[in-house]
Structures are given as C-alpha cells and as structure tokens.
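There are structures below to look over.
Shared between the two complexes below is chain A, which has chain B as its partner in the first and chain C in the second.
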Partner chain A sequence: MITIFPDILILLFPFVMLSLKLFLKVSLKTQENFAVGYFLVVFVTLNFILLGQNHFYLSNWKIDSFGIFMREIFVLSSLLAISLSHNYFNSSVSLKPKLLNFSEFSASVGFAAFGGIVVVSANDLLTLFIGLELATIPMYALVAWNKRDSEGTEAAIKFILTGSVATAFELFGFSYLYGFSGFITFPEITNAVATAQVSPLLWISLLFIISGIGFKMTLFPFHLWAPDIYEGAPTPVTAILSVTSKAVAITFLTVLVLGPLHSVQKEISPFLALLAGATLFVGNLGALSQSKLRRFMAFSSISQAGYILIALLGNTPNAKYSIVYYLFLYTFSNYLAFFIFSVVGKNQAETFSALRGLSEKNKFLAISLLIALMSLAGIPPLAGFFGKLQIFTTAAENGHFFLILFAVLNNVLALYYYIQVLKSAWIDKPEKEIALSIPTKQKIIILILTLSVLLLGFLPFLSNNLSIAFL
Partner chain B sequence: MTLLHCLILAFILFSIGIYGVLTNRHLIGMLISIEIMLNAANINFVAFAYFKAQDPTAGTLFSIFSIAITACEMAVALAILIAMYRKHHSLDVNNQEKNHE
Partner chain C sequence: MFEKNLLNLLWILPFLTVLFSIPIKENSPNLKRFHLASAGVVLLSSIYLLIQVFQNTITNPSSQIQLLYETKLNWLNAISAKYFIGIDALSSMMLVLAAIIIFTGILATWRLEKGQKVFLGFFQILAASVYGVFISFDLVLFFVFYEMEALCMYLLIAGYGSGNKDYGAKKLTLTLAIGSSMILAVFLGIYAETGTWNLIELSKIALPESFQYYAFPILFLGFAVSSSLFPFHFWSPAGHSAAPTAVSMFAAGVMMKMGAYGCLRIAIYLMPEGAKIWLPYLLIFIAFNVIIGPFIAMRHKDLKFITAYSSISHLGLIFLGLAAMTPLAFRGAALQMISHGFLTGLFFATIGMIYSRTHTRDITQMGGLMKAIPFIGVGFVIAGFAGLGLPGLSGFVAEATIFIGSFENPSPLCRVITILAILSITATAIYILRCANKMLHGPLVISKELLPKTLPEEKFIIVSYVICLIILGIFPMPFAKLLDSSIYPIYMNLIR
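For the complex of A and B:
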C-alpha cells in the first residue's frame, strides 16, 4: 500500500495548498514552510519504497523502480523550485516586480510534478497523453506568473503557441498509432509492433510523436523557443522548466521507446542518434555567444537534453539506469547554478557582468559556482562526469561509437563556454560595487547542493545502489 | 465513405491548421488554427474506431478526453492573452515582437 501513498500525497498537495489560503488564511511564511515540509515528507516516503518490484493499481497504474526514481526527481525538483521561489515572493528580484499568490504557484508546481508521475506510471496512450498535458499546462501559467512583467507574458504566449502545436502533433501521432495497432494499451501495442511487417502507418505516427516531444524536450530543429522563454520567465520557473519539463519529456520517450516500441528500437536509433548529435552541437554553438545568464542556461540545457537522449540508444536496464542517474546529477547541478544566479541577480539583471568580482566578494558562492558548472561540463571528480560516462557506456553497448566520439568532442566546446562564466566570476574586475547578501536558508541549500554534486561523484555506493535496483 | 476518405480529410485539416499557425499574425487566429489541428487528430481517432480498430471504445473515449484537455489548454491560453491585451492593447504578433539578441 505504501507504494501508491506518495502519488496520493502529491495529488492532494495542490488542493491542500489552495485551501490553506482560501479557508485558513495562513500567512505567506507558513505557506512556504508547509509546502517545503510537505515535499520533504513525500521525498522521504519515496525513499522507503522497496525497489525492484512491479506494482499495478487500477489495472494500469504501474509503479516500478524506474518510476520510483523518476518520482524522486520530480519531487526533488518541485521542492528545490519552491525553496528557490522564496525570495521572489518576498521582495522584488533582479529589477522585476515581486511575484504574488504563492499558494497557487506551489499548487501549479505540484500539478506539474503529478503530471510527470502520471507519465511515468502510464500503461496506455490515454494516460500518457493526459500526464503529458497535466505536466505542461501548469508550465504555461507559471511562465506568465509575473503579470506585471511584460516579458514574462510575451514568453508565455510564445510558449503556449509552440506547446499547443507540439500537443497537436503528438495527438495526431497517437491517433495513427491507435489506428495501426487497434488498441491504446501498451501490451497490445507491443504485440502489434512486434508482429507487424514494416508499416508506413507506424512510421508516420513515430515521426509525428517524436516531432511533438522534440518541442517539449528542446531537440534540435524544435529548440528555438527555449532561449526566449527561459529568459522571459521568472528564475524559479526557468529552473522548473529546465528540470521537470525536460525530465517529463525524456520519461515520455523512455516509456514509449523502451516500452511498446522496443522491437523497432534498432530501426529508430539512427534517427534518435542524429537528433541527439545535432541537439548537442546546436546547444553548444548557441551558448558560445550569450551574455545573459538565463539565456545561457537555456542553451546549456538544450545540449544536456542531447546528452540524455544518447542514453536511449542503449538496452533496457542500463538505459533506464543511466537516464535516472544523469537526471539526478543534472537536477542538483542545474538547481545549484540557478540558486547562485538568483543570489547574484538579487539587485541587478542576471547577466555575465553581474558575476564579476564574485570570488572577492564571496568565496563560498564562487566555489559553488565552479563546482556546479564543472559538473555540468563533466570534469572528472565531479558528479557530471560519471553521469556522462554512464550514458556513453550505455550507448557503446549497441555500437554507437561515432556518436560518442562526436559527443566527447562537443564536450570541449561546452567546456569553453562554462569557463567563460567562471572567468567572469573569478578573474574579471567588477564595474561597480553592488552588495551581496545571502539569506541563511539559501546558504544552507546551496551548501547541501554543492555537497551532493561533489559526493554523488565521489561516493560510488550511491550509483551502485541505483544500478542494483534495475537488475 | 471509407476510412481513407476520413484520413484524407483529417490530414487536410491538419495541414490547414499548420498553414494557419504559420501565416496568421493574429493570436486568436493562431489559437483557432491550433484547434483545427487538434480536431483533425480527433477525426482520425473516431474514424479508426469506427472502421478498423479491434477496441473501438478506446478511440472514441480518447477523442472525448482530448477535447476536454484541449479546452483546458485554450482556457489557459486565453487567460494569458487577456493579460497580454491589457499590456499592449493589441493581439497582433507583429506589434509585439521585441528584439532579442
């Protein structure tokens, strides 16, 4: 019974949050503490679930090891996003008006997390589609949260237009997949795909589905919306977009490609490899010439999406394991970077020049930034390196050596722009002095995140535990 | 009327939707085009359910669910449009483009 308990808790969270404000009229501070505490409790509960078993509820709500780890990532991401948003609700940050309506904000974050959970538990196309929409629709509202900031509204318009077109593509693809197999449940689709000869209907449907999810995962030809939206959205929302939204999209692809479409995985892998390679390269090229931090993080996360996609070319247990491991590291490193950017951009715009002189003003922040960015770039003792290593090993099992070589070469390119950021923080002299103050809560979270990024790489037992769960 | 007729109709509607999204400069027009694309997919579902599928209930149910989900999406879109209209007093995309580097 405990396996389904966290799901119910997450589903209840938005309603509890809303009624806290509506009926009990508690203060902002209590609401914040409650939301953070709630997600912490859910996260701890998730850790008590026994791994390595498959549970089914209501005949098609599936909970397996992969599902539990993805739940942990969604909950962790929501938890960090809510703590990151603390400053933005209490004062105006980086020259933008302060955000309002915390309880609705955290409710939307909770709904998005539940959408991710629905996607990972799905055992038929309808549940998968509903989960994806449940994870995406709150994002549209979250991007537009700052109504008094016209940039945010503009970004939300762009997001909802591209996102809805992507939804239409997915739905169209699903309809062909339904027509091809005659069923919407995964076991029957698996059978139909395995027994069918090469069917044009299947390929058209895959084309539509992959283009649709490509939008949401910011894969190469569909990535152009990301920088504008990452820049326009409030910083906590940008962080959620880059972690939860991307994690939902990759989960969606994993559930489909390693599930019902497993027997055609060999045939679609050249296509996925091409997408992954192009995404890596374009993301890296784009990041080279940025001057705004959030825009920079957008391109960086585009190239990270390319790396995660490489893992899908591997075989089932290892591919799932490396996706989960990489997403954990990515969550920690990315949120660490966003926390630091939000502290630095407290009283100024979040640009590279805001970072100048950080090493003199605050050694602690400068070192944390070094660790976060080096982990994203994949430098050996840090967590990011082991994540990338795992992904490359997985892809190598099926002989995608050329793609791996290309990805490794791209890493050199990535290192260049990550070091550019560090150069601003460590070498460049500041133009004017702007005082830097870190609230104690933020300091503790940054410290915890820094330690986790360090330790996830250093302590092999964590990754070993993960890999054992998938055997 | 055969399955092929319905599929061709749906595909034409989908193409009209894409054309509309790409050429329309008015935000409401773009939303309507998106709605046409989504309904094309619904026609596909219903057509497959009626003519071919072994599990016809699933297809019809899927289209009903997708109509409801699309309605939610459009509700959020319209809310954002209203927020935008209050700022700019126009829903023309060309008037709102800012220069991004």
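For the complex of A and C:
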C-alpha cells in the first residue's frame, strides 16, 4: 500500500488546495507554506518506497524504480516552481501585474505533476494518453495565468492550437497501433510487435506518435512554438514548461520505445538519432542570437531535449538510468537559472541587459549564474557534464560514435551562447544602478540549488544510489 | 601513506583555499598572502614528491609505467569510472613546473588593485585543474580536470585582460572547447570498445586497428588544439595578447603542455597503430609550426604576439619529437615541455613587468630599457637565449635531443623537416635579438623617472625561473634518465 500512497497524496493535493481557499479561507502566506510543505512531505515519502519488484495495481498501474524516480522529479519540479512563484503572487515582477489565485495555480501544478505520474505508471495506451493530456491541459491554463497580460494570452492561444494538433496526431498514431496489434494493453502490443514483420502500418503509427510527442518535447521540426510561449508565460510557468513538460514527454517516449516497441528499437534508432542531432543543432543555432532571457532559455531547453533523446538509443536499464540521472541534474540547473533570472528581473524586463554588472552588484548571484549556465553547457565538474557524460556513454555502448562526436562538438556552440550571458553578467558595466535585493527565503533556495549543481555530479552520491536501483 | 595523502591534497588544497578565502575582505593584504601560502605549500609538496619519485623509480627502462602512490577509489559505478590518481616520472616533473608557474603567477598579480578576490579564486581553480590532469590515470577523471579550465579562462581574460580582450578570450575558450570535445568523443569510443577508463589497463589491451585508424587523428588533433598545432594555432596569439600576465604565463607555460602531455601519454600510448599511420602525415602540419612560426614572429611588433608565435614554434618542436617516434626524440619532447614551460613563463613574466611600466607592448616605441630596468632586461634576454638554444640553458638540451632523436628516424620527410627545423633556429635568433636590441638598447624613449625600479617580488620571479633554466641546462642527465622511465613504456607499445 505504501507504494501507491504518494500517488494518492498528489492526486488529493489540488482538491486540498482548492478547499483551503474555498472553505477555510486561509491567507496567501499559509497557502504557500502549506503547498511547499505538502510537496516536501510527498518527496520524502517517495524516498521511503522500497525498490525492487514491479508493482501492479488494477492490472494497469505499474510502479517500478524508473517510475519512482520520475515521480521524484515531477514532485521536485512542482516544489521548486511553487517556491519560484512566491515573488510573482506577492508583488508585480518584471513590469507585469502580479499573479492572482494562488490556490488554483498550485492546484494546476499539482494536476500536471499527477499527469506525469499517470504517464510513467501507464500499462496501456489509454492510460498513457490520459496521463499526457492531464499533464498538458493545466499547462494551457498556466501559460495564460496573467490574464491582463496580452503576451501571455497570445502565447496560450498559440499553445492550445499547436498542442491540440499534436494530441490529434498522437491519437491517430495510437489508433493505428491498436489496429496493428488488436490490443491496447502493453504486454499484448509487445508480443504483436515482436512476432509481426515490420509492417507499414507500424511505421505510420510510429511516425504519428513521434510527431505528436515531438511537439510536446520540442523536437526539431516541431519546436517552433516553444520560444514564443516560453517568452509569453510568467517565469515560474516557463520553468515548469521547460522541466515538467519536457520530463513528461521524454517519459512518454521512454515508456513506449523501451516498453512495447522494444523489439523495433534498433530499426527506429537511426530515425531517433537524426531527430536528436537536428534538435540539438537547431536549438543551439537559435540560441546564438537571442537577447531576451526566457526566449534564450527556450532554445537552450530545445537543445537539452536533443541531448536527452540520445539516451533512448541505449539499452534498457542504462537508458532509463541515464534519463533519470540527466533529468535530476537538469532540473537543478534549470531551476537555478530561472531563480536567478526572476531575482534579476524583479524591476525590469528579463533581458541580457538586465544582467549587466551583476558581478559588481551581487557576487553571490553572479557566481550562482556562472555555475548554473556552465552546468547547462556541460562543463565539468558541474552537474550537467556528468548527466551528458552518462547519456553519451549509454549511446556509445550501442556504437553511435559519430552522433556523439556531433553532439559534443555542438557543446562548443552551446558554450558560446552561455558565455554571451556570462559576459553580460561579469564583464559588461551596468547601464543604470538598480538595487538588487534577494529575499532571505530565495537566497536559501538559490544557495541549496547552487550547492546541488556544484556537488551532485562530482560526488558520486546521487549517481551511485540511482545506479543501484537500476542496474 | 604520507605521500599518498600529499598527492590527493595537491588538487584539493586549491579548492579549499578558494572556499576559505570567501570570508576574507576584498582589499585586505591577507587575501593574497593566504593564496600565496597555499600555492607555496603545493610547490613544496610537489618538489618533495619529485624527490621521492627520484629515489623510488628504477631508472632501467621497463615496459611498464612505474606508478607511485596510487589512490584508487570507486567513483561513478554506472560507467565504472574510478577515482584513480598516481604519480610517475613525467607527471612529477610536470607538477613541479605547474606549481612554480602558479606560485610565480600569484606573485605577478601582487599589485592587482581591483577584483583580486575573484581573480585569485579562479586562478586557484585553474591550478587545481592542471594538477589534476597530471596526476589522474583514469580517462573520465582526466577529462574532468582537463575541461575545468574552460570555466575560468574566459572570465579571467575578458575581465582582467588588455586590448581586444573579449574577442581573444572567446577565441581561446571556444577553440579549446572544440579540442576537448574531440577528446571526449574518442574517450567514449575507447570506453565503448573496451569497457574501462583505466589508462594502465588500457595500455595492456590493444584497441582494434580499424578503431585506431579513425580515432587517432581525432584524439591527437583534439589534444594538439591546446598545444596550438598548425591548423588550430590561431587562438594562441589572440588569447595570449589579451590575457593578463599571470594567465599568459599559465596558458603558455602549463596549459599548452597539457595538450602535448595528452598526445604522448594517451594518444600515442593507447593507439600505437594509428600513430604509425598518421604521424608521418601530421609532420606537414608540424613543419608549419616549426618553420613558419619564427618567420611570422619576425614580422610582429607586439611583444606578446612575438612570444605567442615563438611558443607556437617551440611547441612544434615538441610535436616534431613526438612524430619522430624514437626514444631519444620522445625524451627530447618531454624535456622541451618542461624547458619551454620555464622559458615562456619567464618571457611572459618579464613582458608583463615591462608593460606595467611602459604601457605599450609595441617594440618600436621602446628603447634603452636596459638603462632603466636592467634586472628585467637581463631576465628577458636570458629567456630569449634559452629560446634560441644557447648551450648552458635548458633550451639547448631539449632542442638538441629532439633534433638528434628525430634524425634517427630514417624516413626522408622526417629528416628534411629536422634539417629545416635546425635552420629555423636562425630565424628564432633573428627575432629575439632584434627584439632585445630595439627594446633594451639605444636611447631611452621614456624618461627614467617614469620607469619605477624593479620590485622585490619581480626579482624573485626572474631569479627563480633563471635558476630552473640553468639547473635543467647544466644537469639535464638525471632528469632525462628519470623521464626515460615514463617514456620507454610508450615506445615499447609502439614497437610491440
């Protein structure tokens, strides 16, 4: 029973939050503290679940070690997003009006996290689809949370339109997969795929499924929506989009490719390799000439999606382990960057010029920024490097040598644009003096995140604990 | 046990220094004293380790690297990477070189007025990265240390440099990053082929020949980027001319040696078949470095550009030694790594001292400096003499060994390039003497009152480098013998 307890807790969270506001009418501050405390409790509970055998509930709710770690990532991401949103509910930030309705906001975040959990626990196509939608629909609302902000509304409309097309693609692909195998449950589909010859029906279904999920994961030809939406959404929502949303999409692909479609993994891996290579190249190219921080982070996260996709070329236990490991480190680095951007952009637009002279105004923030961006760029001994190393090793074991060479050379492009940001923060002189003040709470979170990014990769603690569970 | 802990301390101490220097006030003199003390401790321990290695290494050539004071711990179990460090003859000598350059580098920034804390902090991280490179014998650990410098190099040059600093810093950082990406890709390939990152184990396994054929050039050129081999040499003049004195000393003295060290220790050692196929072709690139480098230096007027091209030509000599693939040439290459580290450190240190007085690096706008600052002038001339291979200084020993060794290689191309390289020493003499003549002699251009006297720490820097150059120049034999114990295994792998 303990294994399913955290899932029930997360499912209850949105309803509890809503009733706190509706019936108990508690203050904003209590709501915030409660939400953060709640997610912390869930996170701690997740750590107590014993790993080992796969558990099944009602025959199609699967809990395995991959699932538990993905739950931890979803919960961690929601926890950090809610603490990041603190500023935005209490005052106007980045020249935009302040956000309202915290309880509904955190309820949506909770629903999105639960959607991710449904995806990772799914054992049939229908559950998988419901999970994906449950994770996506709250995002539409979250992007438009600032309803008096026209940019946000525009972004949300774009997001809904492209997102629903993507959903339609997926459903279409699923219908072919069902037509091909005659079942919607994974064990039967696995058998059907393994025994049948590779048929055009399967290829069509795969094409549509990967295109559909490509939208949500911002893979190369389907990535164009991301910059506008990342820019229009409030910063905490951008952070969730770049972490939770991406994690859900990669989980979806992992569940399918390393699950029922495992026997055709060899056949589709050239296709995946091409997608991964193109995605990280296009993401890197796009980021080269940005001047707005959130738009920049959109391109940066597109290229990160390309890196994660490389892991899917590996063998089963290693690939899952690399994805979880990479996502953990990516979550820390990405949220660290967003926390710093939100502090810097408190009284001005979040652009590169807002960062000017940061090293003179606040050394602590400047060093944290250095660590966050260099980690995203994959410079050792910071966390991001070890995530990438793990992914490359996984792919190298299956002999994708030239894809790896291409990916590591792309790191140089990435290094260039991260250095551009660092140049604003460290080298350029400030245009006008705007005082920077960090609330103590934020300072503590930034400190914790900085230390995590600095140490989690180099010290083998996280890596070895995860690998025990997987390998 | 003591030596083992000392070896671990070498890379941990710089990090601890950075950590404990955070609470010290920005402008307090204790800050630089603290950093200097820490660098001094590292210097003394590296000298102690060198003496220990001297006593404990058997100088008879054997086919195994004699690794002392190993520490082997499990690290990242998922990819079976180990924390594996140790020390042998070559790495102990490189360690002493690095420690001397770091120590004098901190002295060279003694009078830095603004932002000392950040500068010294990043400089210590650079130090940790080079110490780590020279002692790690696990490829992942090696790469972590090797790539760490990218973190600090940009900020140090762009923040504290002179001239076109942002451009130079970016050029340097990104070009070096291209090199290290190539290295990482090949390391991953090696791991996929063998399942281990352990350098000692890998040297016993013969990698598949087909893999060696296409991986060797990528790995070798990847390392050669940081040693500015011909098609990748362009970062070096731009980077050096923009960098502050201490960073120039570090980059030319140690960082560029890391590449040559990697070529010898990893590329040639692990892929002997690939080396035999490719190195004769790479001689063409090397010829550019050795022969064209001095001629470009002749045309330049900026002191740092001259020294950068002189470094390019001297590093070409190291590669000539590597490409000749005879034991004597290898020994010469290793000696040249150390000798050039000292002489280029002295070069850049004296240039920094001159620049801080004249505020120009254009040699046509200087003159008669020997009358005003004789001490620094003599230091510059000694560095120049070591560079053009004056007997009695370390440059002669190293270059002569390389030339004799590479002439032993019977291939006609190698011999022709050796002969041309020997002739190009004349060009080296021309630009160094011309430069010294313009700058140090003739009428004094800037009045004597504007040129402050040589400071005590500057005297210390110059004297310590000159002592190193003379020791290596007059008593090279014990060092050469010691180096053979590291080089012979590499040669044995080649003729296996």
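By our rule, the second predicted complex is superposed on the first by the 471 of 471 C-alpha atoms of A that agree within 3 Å, B and C clash if a C-alpha of one lies under 4 Å from a C-alpha of the other, contacts with A are read in each partner's own complex, and residues count from 1 in each chain.
Going forward, a contact is a pair of C-beta atoms (placed from the backbone, for glycine too) under 8 Å apart; a residue touches a chain by one contact, two chains touch by 3 or more.
Remember, predicted model here, so these are calculated numbers, not experimental data.
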Partner chain in contact with A:144 - chain B first, chain C second, else both or neither: first
Partner chain(s) touched by A:199 [first = chain B, second = chain C, both, neither]: neither
Which superposed partner A:393 touches (first chain B, second chain C, both, neither): second
Touching partner for A:404 - first (chain B), second (chain C), both, neither: second
Which of chain B and chain C A:154 touches, first, second, both or neither: first
First, second, both or neither for A:191, with chain B first and chain C second: neither
Doubly contacted chain A residues - partners chain C and chain B: none
Chain A - residues contacting chain C, complex: 318, 321, 325, 359, 363, 370, 374, 379-382, 385-386, 389-390, 392-393, 396-397, 399, 401, 404-405, 408-409, 411-412, 415-416, 419, 422-423, 426-427, 458, 460, 463-464, 466-468, 470-471
List of chain C residues in touch with chain A within their complex: 74-79, 118, 140, 143-145, 147-148, 150-151, 154-155, 158-159, 166, 170, 173-174, 177-178, 181-182, 184-185, 188-189, 191-192, 218
Contact footprint of chain B on chain A as seen in their complex: 124-126, 129-130, 133, 137, 140-141, 144, 147, 150-151, 153-154, 156-157, 160-161, 164-165, 167-169, 171-172, 174-176, 178-179, 182-185, 188, 227-228, 231, 291-292, 295
Interface residues, chain B side, partner chain A - complex: 10, 14, 17-18, 21, 27, 30-31, 34, 37-38, 40-42, 44-45, 47-49, 52-55, 58-59, 61-62, 65-66, 69-70, 72-73, 76-77, 79-81, 83-84, 87-88, 96, 98, 100-101
